[in-house]
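You will see chain A twice below: alongside chain B first, and alongside chain C after that.
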Partner chain A sequence: MADEIQGYLDRKLVENLDRREFLQMGLTVAGAAAFVACGGSPTSGPSGPTGPEFKLGVVLPYSGVYAELGNSITNGMRMYFDSVGNQAGNRKITMITADEQVQLADAVAATKKVVEQDGVDMVAGYVSSPNAAGNRNYLDGQKIPTLVANAGVNSLSRAAKSPFIYRTSFSNWQPAHPVGTYVAEKLGKKRIQLVYAKYGAGLESVASFKETFTAAGGTIVGPDVATPFPNNGDQTPFVQAIQIDKIDGIYSFMSGTDAVTFLKKAYELGTLTRLALVSGAGFFVEQDVLAAITDAAPAGAITGLHWALTLPNKENQDFISKYSKKFSGRQADVFAVQGFDTARVIVEALNGVKGNTDNKDAFMKAIAGVSFKSPRGDFKFDANTNNVVQTIYIRKTVKDPKLGWTNQVIDQYPGVADPGK
Partner chain B sequence: MFLLAAGLSIIFGLMNVLNLAHGSFYMVGAYIAYSVVVATKSFWLALVVAPVLLAVVGAALELVFFRRVYGRGHLAQVLLTFGFTLVFVDLIRSQFGPTTRSIPPPSGLEGAVQVLGATFSAYSLFVLAVATVVGALLLVGWRSLRVGAVLRAGVEDKEMAGLLGINLPRVFTLTFAFGAGLAGLAGVIAAPEFAIYPGMDANVLILALVVVVLGGLGSIEGALLGAALVGLGYVIGTSLFPQFAIGLIFALMAAVLVVRPSGLLGRRM
Partner chain C sequence: MIRGRFRAAWRPGLLAILTLALASVPMWAPRFWIYIATQALIFAIFAMSLDFLLGYAGLPSFGHAAFYGVGAYACALLALRQVDGLIPLLVVGAAAGALIAAPIGALSLRTTGIYFLMLTLAFGQMLWGLAVNWTSLTRGTDGLIGIPRPTLAGLDALNISLYERGPFFFLCLVVAILTFLLLEMLARSPFGKTLEGIRDNERRMRALGYPSFRYRLAAFVIAGSIAGIAGSLAAMSNGYATPDLLYWTVSGLALVAVVVGGARSLIGPVLGAFAVLFGQLGLSTYVPRWELILGTLFIAFVLFVPRGLVGLVRRA
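And then the complex of A and B:
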């Protein structure tokens, strides 16, 4: 009921954004047209690609609550495409962006726009899970090669997987799964209460944690603390529902604004410092959240994610410094990495088929076969799930003298693959 | 919440202008607080600067724009003020980006306090105190000061008040500025308690409208009572049935509207 009302209100606002959005899309298209008219990419030079243009539809949110994620993913993609001169397989790559916004209806409209109006060769994007899942049948039916660059809904790697849809980001199951083992076995913390935003991603994340945690002898202490999503009200009653005296710690899934308000309130009430362990999926204390709450950060929190700012591998350090240079000092984040890798998959697959995307099966096969060293570590696809197989890092929240609040990698679980078949 | 609703109620009740940009004033107040705190590290300075700035903005908007739509019915006002909400949210986004921001509570108000065996965050208590003080001042001003009398006269009967020599256009401008200032104050107060992000305006505007409708238009007491009810309803709602909290508030509003169409303490229409 509350969701419906919230949904209705969001729609109301979004409806009224239509005109602005329309103008913005118009500008993007006009910009692209002007760009082409000027003779294409300056980096391609006289020996530029001679094949037909490769049009990539990028469906990401550029307005609404997830706009920041959309921008980061786009930046990451742009950075990789620029690094290869915006071409691959003798074809010039053009990104055509459309605003995913928040609601499914808008995401569907954006997808149809790039597919039917712009006639793109491929689609990449989707931040929110309902939007990825809701466009799945259309993309599958139209046989549009698609890369999901964020949305983590498990079903895309399981019941709803499609031979045309691969995922470069994660399934909600992945970051949570090793945390359960780590907390129960390596840390020996056996009594955990679950704290999460009650929506798809939160539920799938805690379910995954529970699997490994209880299998390793841990006990979930109830009742769960499930906050509405998004929670625009006071977080106090939820923070106070944490049963400090009965548990060793919490496992939490929250992100963005919800994580900010929750952690701040918990800090003021001194709740988390009285727990032996704060654990969670990495989004709970990712850089965006830490930057907002600074010293209210839960020092020592143990979280799982497929990336960390502090990863020492060369690819990551390179990525971080170039990203910050290219985008006027912006700090790289996990979403930018996902965009960067998505673009790389596209480029390598295009090279693999020498620019021939007419044979879609061959192109999808080329995508499935892409593997490389990403800023996040080894990147490859799982033939069973069409989902990325990747290392999940166990990180500890610390205050670094140079980076400020961040997450230090203390352990890793390589090759974590979603259990879908 | 009460601060916001009081401002909205005064503007709506007195001037019969439905101001949807009120939430934007609140959001801008929070962002001003953020900017001031980042620049000077002083929350207290923000507490003074933001309401004053917003009062000026409010007055300017009233003089240039809103003044022209008084006679045109609510639809024109809704369109105009809703347009401003879009302008404000885009201005904020282009200036600060879509990232969530936050500021710490001022020093001395961090941490938790034990009151009667329950734990409260010190800042929450401060918010409560500010709301009580402002509420009391408003109530006193409304009931016993000349300004209050003029405002109440305006609410009751515009034409009569005008005939009695009250400079209504000026009163309107000042009232609008005052309402905007209150929203700005609410924004500053809310900044350390909640997160600061583009879109915070819409969330709070809806609740403020409910508060005003519940309590009754053009009545400070009504705004006070409405805010208390909505606050309690929301907190109890979120703890007992988290998924239904907002629904509960709207159910409450519907029930009140059935029994008393003009709100709990509103004037009979």
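And then the complex of A and C:
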């Protein structure tokens, strides 16, 4: 909030001054600051970027069912940008945020606002699948370089792929696909009921699970428990529709507040303790959810995701300790990692083209070529799908004496790429 | 009668100013605000149809978004099957709105007041549920996306494309003006006067031999078909139809627009629609928690300005 206001004031200030005045003022202030900082002895500090400002439109939900996700992604982005001094390719990077909210109408307005009113060079964000899909034609038509930082809708890696839209998060297919095999083969659970938020992401996730699960000899026990999305009402009837006696467990896709209210209700009604297995896409028990439900957490839940708080690699340990320090004790979650990596892709691509984003093809090519060691492991883009290729971790929900409720990595499937062509 | 003479004095002036101001929008407004104004105009058409029900026929429908949404889906389904003519797409929206309004009206109008309100709300939510769950037709919560803009023979010859924001805005403006004129004409006709009579004293009108149920049903179907047209325009404008369009909050927002603008005036809902939509789509991208502002505004209007924005103009 305060940052938003500050950002707005900064922009106003810049608009009201012409460039020369602004530079003079900036130099004076910087000079004075350097003077003071160095205890009065004037020295020349490192000079700031001299290129035009790089405006990044950040369209994420800051209200509604996915508000926590939006905040986490924004924090992750801010953390990476701060770590490189908010500049790349000799350009100062400014984030201009707009609230995606929940409904497509609001996400469309937010996108148009940053593109048309703020004239951003690039857009990043989108948490919910329908909102990413619904803005795709506009972003593609306007040739706005875009990084999708969460929404997993498969079509963006397949039929609706755009040369201007890359995805740093996942496709709904990715975290679900290995779970089907794991549950049927390694855990030997053959009768599963599907529980999901009934919208693009939920439907695609369970479809992907079903594919590998039935191929490995599993049976889906119907009827599916499909909750409205977002479910602002009571979860009781949906929890009670789980046929505990007929199944070995459930596979679930829910995220954000939906997951919180569902798990809380399932705990209250005693359903959780009577279920032999809770499996799902990792969002169902991601850190944001676990932090909200604490001891209502489904101990032993087996989920697939491209990250876990407990990953031992150095990048991750670094990330989670710095994140928690920077955001007053807040625990990192997968969404923060996605934001962090999104910002890194932007910075590396900007450096790659030396700040020149006028040639959009070259800029998109630079984005496509970015690869690095992320907190989640190896990060690179797939040329076939414009989607990230990554390791999917099979995780078990446990109560850690130091970290509290979290997910322990028990298996992994490296280099999982969406099957789009 | 005093109201009638008064109306003659303030209405034409306000109408002229409003039309001129709106027509000039594409000339000076930035692209983003033309988009917001277009959305507001579409919502204004929707709100006018609700005002006709609420203000003139005295029917507080809380499920009006059903017809708006059904119009949008009808237009979307047809447009995705390669029908791109403007007229057929608007007609299908109107027809769908009317077709759905007829049975819902026939059942709901057996009640009045709060019962009518609850019934229309229930029917509206049923249709919303249908839109969410009938995935083979509506693609569920994801909605139908990628709806192309329509074409109109004459415009193509003039090299004007409705994909451009300015021309599409004018299209919505023309439809809004036609809607206003139609509803105004209806309101002043014997039909409209009869409706007002039924609103004020149904028993007496029935005693005089007016079949009040049929009059009300006719008003309900007319309002439904106009809401369908608005929905059709919304689908064209955004390029999508989602279940959100049928949700009760949309009906609620339209009621807020009517009340804030001033019911029983047809102009009021237009002003109200602009106020509400500028808040929802415009302000919300700048100010967080805009609903709080809207809610406060709504309470203030209900308490202090029961006649709405037009009431203020009228008093001035």
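Note that in this section the second predicted complex is superposed on the first by the 372 of 421 C-alpha atoms of A that agree within 3 Å, B and C clash if a C-alpha of one lies under 4 Å from a C-alpha of the other, contacts with A are read in each partner's own complex, and residues count from 1 in each chain.
We take it that a residue touches a chain if its C-beta (ideal position, glycine included) is under 8 Å from a C-beta of that chain, and two chains touch if they have at least 3 such contacts.
If you're wondering where the values come from, they're calculated on a predicted model, not measured in any experiment.
A.B. asks: Pick one for A:101: touches chain B only (first), chain C only (second), both, or neither.
C.D. replies: second
A.B. asks: For A:198 in the superposed arrangement: first (chain B), second (chain C), both or neither?
C.D. replies: So A:198 meets both chain B and chain C here.
A.B. asks: Which partner chains sit in contact with A:112 here, chain B, chain C, both or neither? Use first/second/both/neither.
C.D. replies: After superposition on chain A, A:112 lies in contact with chain C alone.
A.B. asks: Quick one: name whichever of chain B and chain C touches more residues of chain A.
C.D. replies: Greater contact footprint in residues on chain A: B.
A.B. asks: Looking at the overlay, what does A:228 touch: chain B (first), chain C (second), both, or neither?
C.D. replies: both
A.B. asks: For A:217 in the superposed arrangement: first (chain B), second (chain C), both or neither?
C.D. replies: In the superposed model, A:217 contacts neither chain B nor chain C.
A.B. asks: Where does A:67 make contact in the superposed view: on chain B (first), on chain C (second), on both, or on neither?
C.D. replies: So A:67 only meets chain B here.
A.B. asks: With the two structures laid over each other on chain A, which partner does A:369 touch: chain B (first), chain C (second), both, or neither?
C.D. replies: In the superposition, A:369 touches no partner, neither chain B nor chain C.
A.B. asks: In the superposed arrangement, which partner chain does A:188 touch: chain B (first), chain C (second), both, or neither?
C.D. replies: A:188 contacts neither chain B nor chain C.
A.B. asks: Could you give the residue numbers on chain A that contact chain B in one complex and chain C in the other?
C.D. replies: The overlap between the chain B and chain C interfaces on chain A comprises residues 1, 198, 228.
A.B. asks: For the complex, give me every residue of chain A touching chain B.
C.D. replies: 1-3, 5-6, 9, 13, 16-17, 20, 64-65, 67-68, 71, 198, 226-228, 231-234, 236-238, 240-241, 256-257, 260-261, 264-265, 268-270, 288-289, 291-296
A.B. asks: Which residues of chain A touch chain C in their complex?
C.D. replies: Listed in rising order, the residues of chain A that touch chain C are 1, 4, 62-63, 98-99, 101, 103-106, 108-110, 112-114, 116-117, 129-130, 133-134, 136-138, 153, 198-200, 203, 228-229.
A.B. asks: Please give the residue numbers of chain C that touch chain A in the complex, ascending.
C.D. replies: 30-32, 35-36, 39, 132-133, 135, 140-143, 145-146, 238-240, 242, 244, 280-282, 284-285, 288-289
A.B. asks: Could you list, by residue number, the parts of chain B that touch chain A in their complex?
C.D. replies: Those in contact with chain A are residues 82, 86, 90, 93, 97-102, 104-105, 110-112, 119-124, 192-195, 197, 199-200, 202-204, 206, 234-235, 238-239, 242-247, 250.
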